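The structures come next, written out as structure tokens.
One chain, chain A, appears in both complexes that follow, with chain B as partner in the first and chain C in the second.
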Partner chain A sequence: MTTADPALTRPRLIATGGLTAVRRNPLLVVLVVMVPVFQLTTGSFLDPANLSGIATDAATLAIVAVPLALLVISGYLDLSVGSTLALGGLVAGWLAGQHHQSPAIALLGALAAGAVVGAVNGFLCCHLGLSAFIVTLGMLTAVRGLAQQLFPLPLSGFGSGFAWIGGARVAGLAAPVVIAALVLVAGALFLALTPAGRHVFAIGVNREAAHLSGIHIRRTPFALFVATGVAAALAGAIKASVLDSAVAGTSGAGFELTVLTAVLLGGVALTGGTGSILGVLLGVLFLGGLQNGLTLLNVPTFWQQMAQGVALVAGAALAYAAPRTGR
Partner chain B sequence: MTTTNLRVSGLTKSFGGVRALDGVDLTVPAGQVHALLGHNGAGKSTLIKCLGGAFPPDAGTIEIGGTTYTRLTPRESIAAGVAIIFQTLSVVDALTVAENIFLGQEWTRHGRVDRRAQEEVAAGLLERVAARCSPRDRVGDLPTGQRQLVEIAKALSRSASVLVLDEPTAALSGAETDALAERVEDLRAQGLAIVHVTHLLAEVERLADAVTVLRDGRVAHRTTVAGRTRRDLVAAIAGRPAEAVRGPRRTPTPPRLVVEGLRGPGFGPLGITVAEGERVGLFGLIGSGRTRVLETLYGRRRATAGTIRVGDRAVTPARPADALAAGIALVPADRRAQGLFPSLSAQDNALLPALRPLARHGVRALRAERRVFGALAAAVGLRPARPGLPAGAFSGGNQQKLVLGRWINEARHVDVLLLDEPTQGVDVGARQEIYRVVSALAEEQGTAVLFASSDPEEIVALADRCLIVARGRIVGELSGTELTEQSLLSAVHDPLPAEGAA
Partner chain C sequence: MTPPPYPASRRHFLTLSAATALAAAGCSAPPDTAASAGPAPSGGTRLTKIGLDYPFTQLPLYSTLVKLSAARAKRHGIPLLTTSDNASADTQASNLTTWIARKVPAIVSFPMVFEAAEPLAKAALDAGLIWVTYGGSLQHQSADIRFSFREGGTLLGEAAAQWAQEHLGGKGKIAFLTDNTIELGRERTKGMIDAFTEAAPGVDVVAREQAIDPDTGLSKTRAILAKHPDLNLVLGVTDAAAYGGFKALQQTGRAKDDAKTFVGGQDGSAPSLLAVKQGTFYRASAALAPKDIAAAIVDVPRAVAAGEADPSAEVPITLVRHADTARIDALLAQNA
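Up next, the complex of A and B:
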């Protein structure tokens, strides 16, 4: 995608003008078709209980997808989030369960672990200039190994205080949903209203030109790596709290690809320089809705995975085939 | 017997309303070297690219070896016998010489590449161009001159009858240049029609049988070389007799940029002083080190020695942000690679460095941004002045205005403006506007302007004073009435003794 998003200039937090919004986010159309189809076929898709279930499932996805999307827009990538999620959950659970620390301390411990992973990624990619693909692919394995070494046995029984992180209700909404909403809004505000948000796009489009414009081309992506690590660990703590368990070998396995799928479906280009938080939200909702609908229809897991994969490739093909408007 | 290998008639090509080629004729018989001269943007590269099939001409015909084409694809061009050796060579470093020569036309035996046969034939071709490398050498290990010969050998393997050389000596050493000249003479003797694009009059005198000078997309001059003096050629390129309209600068002003003993890889030591409100040109051929000097002043490269002062503050820029903090800004030469964000809006492009200074408590000042952009667009004459239009949709000239606008707005104060080839790929109208904007900046705000150019016309139009750069050193200085296109061209072609060097 080389066409720009003029809304970037005059920031609009919510896309205005129906047609433009649809053209920029073709996923809107897909959602508009998907929701009634699932409602008609399952009969319970739109039940409040089910919707809240979708929202809770989608929340952890959204929390990681937002910083990851920013990272991809700036021209980088993080494949290690699944393992960081596991590490975050384990650290939080270990602090809360084994050491009877308060939920706040447990959460902070998880976030710190995520920040360290993110900082290592950021240092290697931004300061040493190594390929983000290779570095974070390595970290995907290395962090998983570290988690298994530190916590060889599954952890559970984190206590009622810790369960609050994933289970509390705020204004009728589950806490993870509220956190995800905050992350989404923060991401959108960051992109639209801060200089650094513009720098993210500039670095993603043309790193050399950004450097010659006097922008600190290492600082912002480094911060985004740290933010992505922190977000992954936060998602891990939430999952551990909801499930009251964390397993080094399996927690968050494959999560990195699901998040990346949501981000790419949301219109963020892997080449950097384009994307929006609204798109990411749609990508997350689409994936969450698809999984949930297919589960309600008793579609076997393997077929669900296939559907997810097909959706990603179809999305890419559509974006490629779509007429390039001369905007 | 003379056959005509190449005949171009009435070739016309426009890009977005700008005529890059306007009814150009060019005839090159077999066994002749035809020099193609002209400033940057005169249409030389467009002509070459039409020959190579990179884009179709709007009108006109290209006749190669008796067949007439109105448009060519790259494949047809090669099949017709055209070989173009660009400045940036298209050899593959990781392959051997023989593999490069037969790339895409491999000889096979029983479905496998027949290396031995390829290497045998390659050896013969290399002999024809008197290359000193073996068919089995890895191309990446060869010096530039030999790589170029490999590319010419590749052209010969496709039985090329028309050879186009695009500034072939720009990247070569002196000895390599001589060697190439001999090869060109050999190939002419072998009956090829050769189009030789160059800036160097010495090459024209040595090699060319005929000369065509392009200016603004038209044939400005055509001559056979026999009996021509260098002065005649210079006048032909410049297009008009000397215009000495500049007087000496009004009142002397205090120095704004003072560079002493600056050294870096490939240049120096050199000293440059630019006074407040002064516009100083750095004139030199491609590869003379101009760009390195500017990039070092801007902190994109590290200096190995020397001092840089802005006013009386010493600056040691380690990165562009440091230089900007000291008031030094650069408009880079390669807009596409170093300047533009094509998919971002015009406003984002022009205001990128201004966002932080304008922001309040870390939040963008949207209204102020719009106002500053409006003022900037008016100041540089941006057309269309639409903030939301992606920069890639603007013409080259207006893209350059956006890049220039980064440093010409109320949110960014610049004491020293560096420009590298400020009007490369910019049409004539926008060029004048850019000169006007830069001059106004110097006059009204006292900005010290230091710009590099390989276009004598541009130096004369924009500079108060000009430093001649060759091999990374300043070898001369021209100002006042001495500063003419003729004197500039003579200065680079017969460098003065390095008395002006600091």
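Up next, the complex of A and C:
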């Protein structure tokens, strides 16, 4: 049977070139409208210095959003990233500031801490089959408590070497932006070109069917949990470097919801199985741009909160209305 | 974002004389206080326990206060109990109810919602317990530990205005990092803005942005700097937020000791105090002394139990600047 079903071919015909991206990522339209509106009303939104600020602010969000998106696509969730971020920043700052370790050692220490948190999450969720929501919610509290117990007082004065992580410029771009770009590219390539990337979708769509197809339904999500923990700790180290300080009780507080918002706005379904890294990038840029634009407009605090809430709901509605994308 | 609140602003530490004063007249503690385990040497009653209910466990100040208060209480042979409210008003109410039911003899509580704490305080008094309100006053209480939230903001605003007059000729641009979500934040914000704008009316207020943590302070100040690269002053409702502003200014190329820049905050947190000490453009912090607060936490309930006439206390706040090296060192030591 070679007759094509018109219902299947028509979207393919329409979805050529940029139109495909627009249809699959309605946030692109929102950004295209939002940016000129902010530029016209503020006069400085598109200034290079401001764009650089938005990119730097959004970098840590993107670094965590990419592996988290992969985890959500595979049908899991990690709500502990805010506390892991704090722990990573504190470990890095502690090693660099109080033990005068090199930035590389400090960074490795942070990444190791994040990997341990991710491994615990992964073991409990993937191997013992516990609810990711409950486990990572518990870890959110437990890791925060651990960080506060280990580092009850603020850490600061990490030295000029450690400041390089957050303050260096590579090809004119802030180091965190370069790191975020690398993470985004790696995430996109992983999803598009590797068998494990395809397994992520398969596991998210139907775990049982994926298992019957010979896919390791535990190994890949476990690795993604570890990657998410590592990414959160990396983001924490970057933040600690930029601020030259870290506070156990407040660093990364609420970050888990911000990053999850960016992921969901980017079209990743909480039920798993769908999503794209481009969508995640758009979600991150949307959140960063909106926050920045409202600040530039000097919008009063509570109006900012209302505007952000409305924008988020509108963005989510658009994402919902868009066709589901498998990849 | 659900920003965490921050420690109360504090003012003059008026009266904490020896806690075992003989005078019993006018004591606000109920006569049948269950706190007693026997008469104190100087009269009144001796406390067997003090419960410290400080809800903002995420703050660095919490650890410091618990450590210093426990040490001071121990010197008097009194164990210190603590709650773990996690900045939740519901959890706080639940924990306080438990303490009242268990008849913890003296409760020092920083109510997250003062109106909600009133019936709990009444229940404590009705049960014969000592209730000390931290950070304000309730209708039902044995005594209180007060701070003038507005005073810290006023001290900072006045100092910044004076600096602007002296170094900028009364001109320039200022951004305020504020908090309008809780009462003490509103008080600090009002004190800071009112004092500054009154004393330096020629300085252009270019932004008033909600920020109490360094991350938000950093990103908000970055955005403000994109529109106003010639920004001169950043005043924060907390040191944490101001420190974020400090870093944002540095990241735009501002020299650490730029003569035309002023950053100031409130609380006396360690990173900010170090920046002030180093002679950077982080020039002032309206600082609290954790030792004074810890002393009040232990001594006020003891004074109530001992039957002192005026057991309440008002904790001081002082403006710390680069020249106040000894004061900075003392505050840093208390935070160590």
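Assume the second predicted complex is superposed on the first by the 292 of 327 C-alpha atoms of A that agree within 3 Å, B and C clash if a C-alpha of one lies under 4 Å from a C-alpha of the other, contacts with A are read in each partner's own complex, and residues count from 1 in each chain.
Throughout what follows, a residue touches a chain if its C-beta (ideal position, glycine included) is under 8 Å from a C-beta of that chain, and two chains touch if they have at least 3 such contacts.
From a predicted model like this one, the values you see are computed outputs, not experimental measurements.
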item: Touched partner set for A:D57, first chain B, second chain C, both or neither; value: second
item: Partner chain(s) touched by A:A202 [first = chain B, second = chain C, both, neither]; value: first
item: First (chain B), second (chain C), both or neither touched by A:G214; value: first
item: Partner chain in contact with A:G161 - chain B first, chain C second, else both or neither; value: neither
item: Touched partner set for A:Q148, first chain B, second chain C, both or neither; value: second
item: First (chain B), second (chain C), both or neither touched by A:T194; value: first
item: Touched partner set for A:P26, first chain B, second chain C, both or neither; value: neither
item: Chain B and chain C contact sites that coincide on chain A, given as residue numbers; value: none
item: Residues of chain A defined as touching chain C within the complex; value: 42-44, 47, 49-50, 53, 56-57, 144, 148, 152-154, 156-157, 167, 239, 242-245, 247-251, 253-254, 258, 291-292, 295-296, 298, 300-302, 304
item: In the complex, chain C residues that touch chain A; value: 1-4, 57-60, 62-64, 178, 180, 206-210, 213-215, 218-220, 222-227, 229, 240, 243-244, 247, 251-252, 269-271, 274, 335-336
item: Chain A - residues contacting chain B, complex; value: 1-4, 6, 8-11, 193-195, 197-199, 201-202, 205-206, 208-216, 273-274, 326-327
item: Residue ranges of chain B in contact with chain A within the complex; value: 298, 300, 319-321, 323-324, 330, 332, 337-345, 347-348, 352-353, 355-356, 359, 362-364, 366, 370, 387-390, 392-393, 406
